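Next up: the structures, one after another.
Each of the next two complexes has chain A plus one other chain: chain B in the first, chain C in the second.
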Partner chain A sequence: MNTFEFWGDNFPQMLAGMGVSLQLTLGALVMGIPLGLLLALGVSSKLRLLRWVCLALVEVGRGAPALVVLYVVYYGLPVLKLSPEAMTCAYIGLTYTTCAYTSEYIRGGLKSVSPGSIEAAHALAMPGLDVLRFIIIPQGLRVAIPSLMGFAIQIFQATSLTYSITVREVTAVSYSVASQTFRALEIFTLAGIMYAIITIPASWLTNKVEQRLTLRH
Partner chain B sequence: MTETIAETQTETVPKGRYSGKVDIGLKTPKYLVELAQVSKHFGSNHVLKGVSLRVKPGEVCSIIGPSGAGKSTLLRCINLLETPDSGNMVVAGQYVDLGKPQDRRALLSLRRNVGMVFQSFNLFPHLTVMDNIALPQRRVLKRTEAEAKEHGMELLERVGLADKADSYPAKISGGQQQRVAIARALALEPKAMLFDEPTSALDPELAQEVLTVMKEVASSGMTMLVVTHEMNFARNVGDHLVVMEDGAIIEEGDPEQIMSDPAQERTRQFLAAVINH
Partner chain C sequence: MSGFLAVLAAIPITLLVTVGAFIVGFILALGLVLMRRSKHRWLSFPARAFIDLARGIPPIVWLFFLFFGLSMGAIKLDALQAGILGLGVVSSGYLAEIFRGGLLAVHRGQYEAGEALGLSAWTRYSKIIAPQAFKAMLPAMATYFIGLVKDSSIASVIGVKEMVFTANQYARQDAETGIYTFFLAAVIYIAVSIPFAVVARRMESKLQESGAR
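Our next item is the complex of A and B:
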C-alpha cells in the first residue's frame, strides 16, 4: 500500500478528527471572546477589587501553557467531585486560554478608540453604558479583529493539545493510526497538511481583513 | 486667593459687567446660560479664575482671546465635560452647583439641553453620516429608527449634505464632517449650542461653508456660545463679544463697539494681532 492509498484508507477517520478540532476551536472562540470582552472591561474598571480579580485571571491564563490549563481542568474537576467528559474539559480549558488572551487584544482595541468620539457621545447626553455599547465596543472590537483572527489560528493549532486528555481530535487519531500501522511519518504528514489547508487560507483572510479595516479609516 | 481675584475683578470690570450671582428665583429666566464665579484648576494651573457670564435666549455670544486664555475650558465647563472646582450656573433653567459632584441624571439632562461642536469634529468613525445623527436621537430621545432617520434627513438637507447620508466620515471633507457634527447636535433639539473653535482645523474655504451653516443656525434663533478666531463671524453674526485672557474675562459687550474701540489695551493688542495676520 503506497502512501496515497494509506492516506485514502485513513482519511475518513482523520476527517472526523478534524471535525472535532474545528468544533473545539469554534466553541473556544464563541465562548472565549465574549468572556474576553468582559475581562477586558473588568481590567479597565475603576473598581479596584474587580480590576484585580480580572487581571489575575488574565495573567494566569496567559502565563500558564494551554496544556497545563487543560491538565488542571481535567484532573482538577474530579477533585471537586465533578466528572465531566474529556470534551467538556477541553472546551473549558481552551475557552479559559482564549478569554485570557483575547481580553488583552480587545483591551488594546478599546484603548485605541479616539477620545474625541467618546467625548462627543458624552456631550450628546448618551448614558455611559450606551457609550460603551455603541461607541467604544464596536470601534474597539473592529481594531482587535485582525489579532483575534490571528489568535483563532493559534487556538485551532492548540486544539491538538487536547489529545493529551483523550479527546479524539485529528492529532489523537493520527497517533493511534501510527501506533497500529507504524507509519507515523506518513500519517503525521497528512495531519500537518490538513492543519495547513485550514491555517494558510485563514492567514490570508486575516491579512485581507486587516488591509480592508485600515483602508476604511 | 479667591478673595483677591474677586476684588481685582470688580476693580477692573468695565461698567455694566455682571457681578457673578446666579439668579435662581426667576420662573422665566432672562438668561439661557448664566455662569457665576466658575473656577477651575488643572493641577497648579488656575485656568478659570472665577468667570461670570450671562447669555440671553437667542443670543450669539462669541468668545475670543489668545490661546491658553481658558476659552475652551469655559465652554467645556458648561456641559460639564470639564468639572469646575467651584462656582454655579443655570443652563436652560437647570441650576448646577459646580462645587459638588454631579448627579448622573442631572448631568444627562443638562447635556441634553446643550449641543456641542468640537474643533476636531468627533464624528463616530464606525457609523455612516446618517447613523451618526440617528443613533443619539434613538438612544437619548427614544425616537424610533424611522423617526430618527426622517429627522436626520431633514437636518442633512438643512446643512446641504443629504447626498452624503450613507457615507462614512472618513470619506467626506473636514468641512462636511463639521456640518454633519452640527446636524448631529441639532438633532437632539438643544436649547443652546456650544461651538469650540469649529473652523480652526479647516482651510479657509471649508471653514466658510461651516460658518454659513452656523449663520443659518444663529438666524433660526438658537442660543450659541462660540469660541472662535473668526473675527468676521464674531462681528457680523455675534450679538455679544467676550474677550478672555489668562482665565478671566477682560472685556465684554457689543462686538462692533469692542472691535472698533476696545476699552482694554490687551484687547487692542489681541485684535491687532489677529486682524493683521
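Our next item is the complex of A and C:
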C-alpha cells in the first residue's frame, strides 16, 4: 500500500478526529471569550477584592501551561468525587486557558477606547451600564479582534494537548494509527498537513484583518 | 512527599529542554530570516513555507513526527533529543518572525548610511543593524522564552522526564495525592512567569502615564 492509499484508508477517521479538534476549539472560544470579557471588566474594576481575584485567575491561567491545566482538571475533578468524561475535562481546561488569555487582549482593547467618547456618553446622561454596553464594549472588542483571531489559531493547536487526557481528536487518532500500522512518518505527515491547511490560511486572514483595522484608525 | 521532591528534581530537565530548544530555534531562525529577506524567490519562498509550517503545526505533532516518525527511518533520536529538536523547530518559526520584525524596526537610513560609507555587508549587519534590531526585539524574545518554558511541558508526551512527566507518573499511581504534584508543577511555572507579568503591567501603566501628559 503506497502512502496515498494509506492516507485514503485512514482519512475518514482522521477527519472525524479533526471534527473533534474543531468542536473543542469552537467550544473553548464560545465559552471562553465571554468569560474573558467578564475577567477583563473585573481586572479593571474599582473594587479591590474583585480586581485581585480576577487578576489571580488571569495570571494563573496564563502562567500555567495549558497541558498542566488539563491534567489538573482531569485528575482533580475525580478527587472532588466528580467523574466527568475526558471531553468535558478538555472543554473545562481549554475554556479556562482561553478566558485567561483573551481577557488580556480584551482589556487592551477596552483601554484603547478614547476617553472622549466615554465622556460624551456621560455628558448625554447615559446610564453607566449603557456606556459599557453601547460605547466601550463594541469599540473595544473591535480593536481586540486581530489578537483574538491569533489566539483562536493557538487554541486550535492546543486542542492537540487533549490527546494526553485520552480525547480522540486528530493527534490521538494519528497516534493510534501509528502504533497499529508502524507507519508513523506518513500518518503524522498527514496530521501536520491537516492542521496546516487550517492554520496557515487562518493566519493570513488574521494579518489581512489586522491591516484593515489599523488602516481605518 | 517523594512526588514533590521528584518534581523539584525534574526542574533541570525542564530548563535543559527550554534552553536547548531556544538555542536550536535561535540558530535556525538566523538562517531563516536571512533567506526570508532575500530578493531571490527560490530562497525566500522555502524559508516562508518552513516558518509557516513550524508555526502552523502543533508542537506535539512535530514531536511525534520526529520521535516516532524518524526513529523508524535512518536517524535515531532519543526522547530528549527529539524534544529539543522538535520544540527548536517550532521556536525557529516564531523567532524568525521576531527577528524579521526587529530588522524592519531599524530605520532604512541606517542601512543606506552603512552602504554609503562603503562598509562590507558583514560589518553593516554585525556593527550597525544587528545591535539596533536586537534592542527592538528583546521584549518579544523574552516573552517567547517564557512561553517556551511552559511549552517544554509538551515534551512529556514523548517521555522526556521533565516536571510534568514526573508529576503525571505520580498522578497515575494515586490521583488523591498525585494531584498535588501537579499543583507544585503549576506553582513553579507560574512563579517563573509572574515576575514578567508584573514588569509588563508596570511598563504598561508607565506608558499610559507618559501618554496622558
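Quick note on the criterion: the second predicted complex is superposed on the first by the 217 of 217 C-alpha atoms of A that agree within 3 Å, B and C clash if a C-alpha of one lies under 4 Å from a C-alpha of the other, contacts with A are read in each partner's own complex, and residues count from 1 in each chain.
In this text, contacts are C-beta pairs under 8 Å (C-beta built on N, C-alpha and C of every residue); 3 or more make two chains touch, one makes a residue touch a chain.
What you see is a predicted model; the values in this text were computed from it and never measured.
**Q** Should A:N10 be classified as contacting the first partner (chain B), the second (chain C), both, or neither?
**A** Touch partners of A:N10: none, neither chain B nor chain C.
**Q** Of the two partner chains, chain B (first) and chain C (second), which one does A:G116 touch, if any: first, second, both, or neither?
**A** Touch status of A:G116: first partner only.
**Q** If you stack the two complexes on chain A, which partner ends up touching A:T206: first (chain B), second (chain C), both, or neither?
**A** After superposition on chain A, A:T206 lies in contact with neither partner.
**Q** Does chain B (first) or chain C (second) touch A:Q139, or do both, or does neither?
**A** It touches chain B, and chain C stays clear.
**Q** Between chain C and chain B, which one touches more residues of chain A when both complexes sit on the common chain A?
**A** C
**Q** After the superposition on A, what does A:T25 contact: first (chain B), second (chain C), both or neither?
**A** neither
**Q** After the superposition on A, what does A:P127 contact: first (chain B), second (chain C), both or neither?
**A** Touch status of A:P127: first partner only.
**Q** Looking at A:A178 after the superposition, I want to know if it touches chain B, chain C, both of them or none. Which is it: first, second, both, neither?
**A** Only chain C; A:A178 stays clear of chain B.
**Q** Using the touch definition from the top, say if A:T102 reaches chain B (first), chain C (second), both or neither.
**A** Neither partner.
**Q** What part of chain C is in contact with chain A in the complex they form?
**A** 52-53, 55-62, 64-65, 68-73, 150-151, 153-154, 156-157, 164, 167-168, 171, 175-176, 178-179, 182-183, 185-186, 189-194, 197, 208
**Q** Mind listing the chain A positions that touch chain C in their complex?
**A** So the residues of chain A touching chain C come out as 59-60, 62-69, 71-72, 75-76, 78-79, 111, 153, 157-158, 160-161, 163-164, 171, 174-175, 178, 182, 184-185, 188-189, 191-192, 195-196, 199-200, 203.
**Q** Report the residues of chain B in contact with chain A in the complex, numbered from low to high.
**A** The touching residues are 79, 81, 104, 108-109, 111-112, 114-116, 118, 120-126, 135-136, 139-140, 168, 170, 181, 184-185, 188.
**Q** Taking the touch rule as given, give the residues of chain A at its contact with chain B in the complex, in rising order.
**A** 114, 116-117, 119-127, 130, 134-135, 138-139, 142, 216-217
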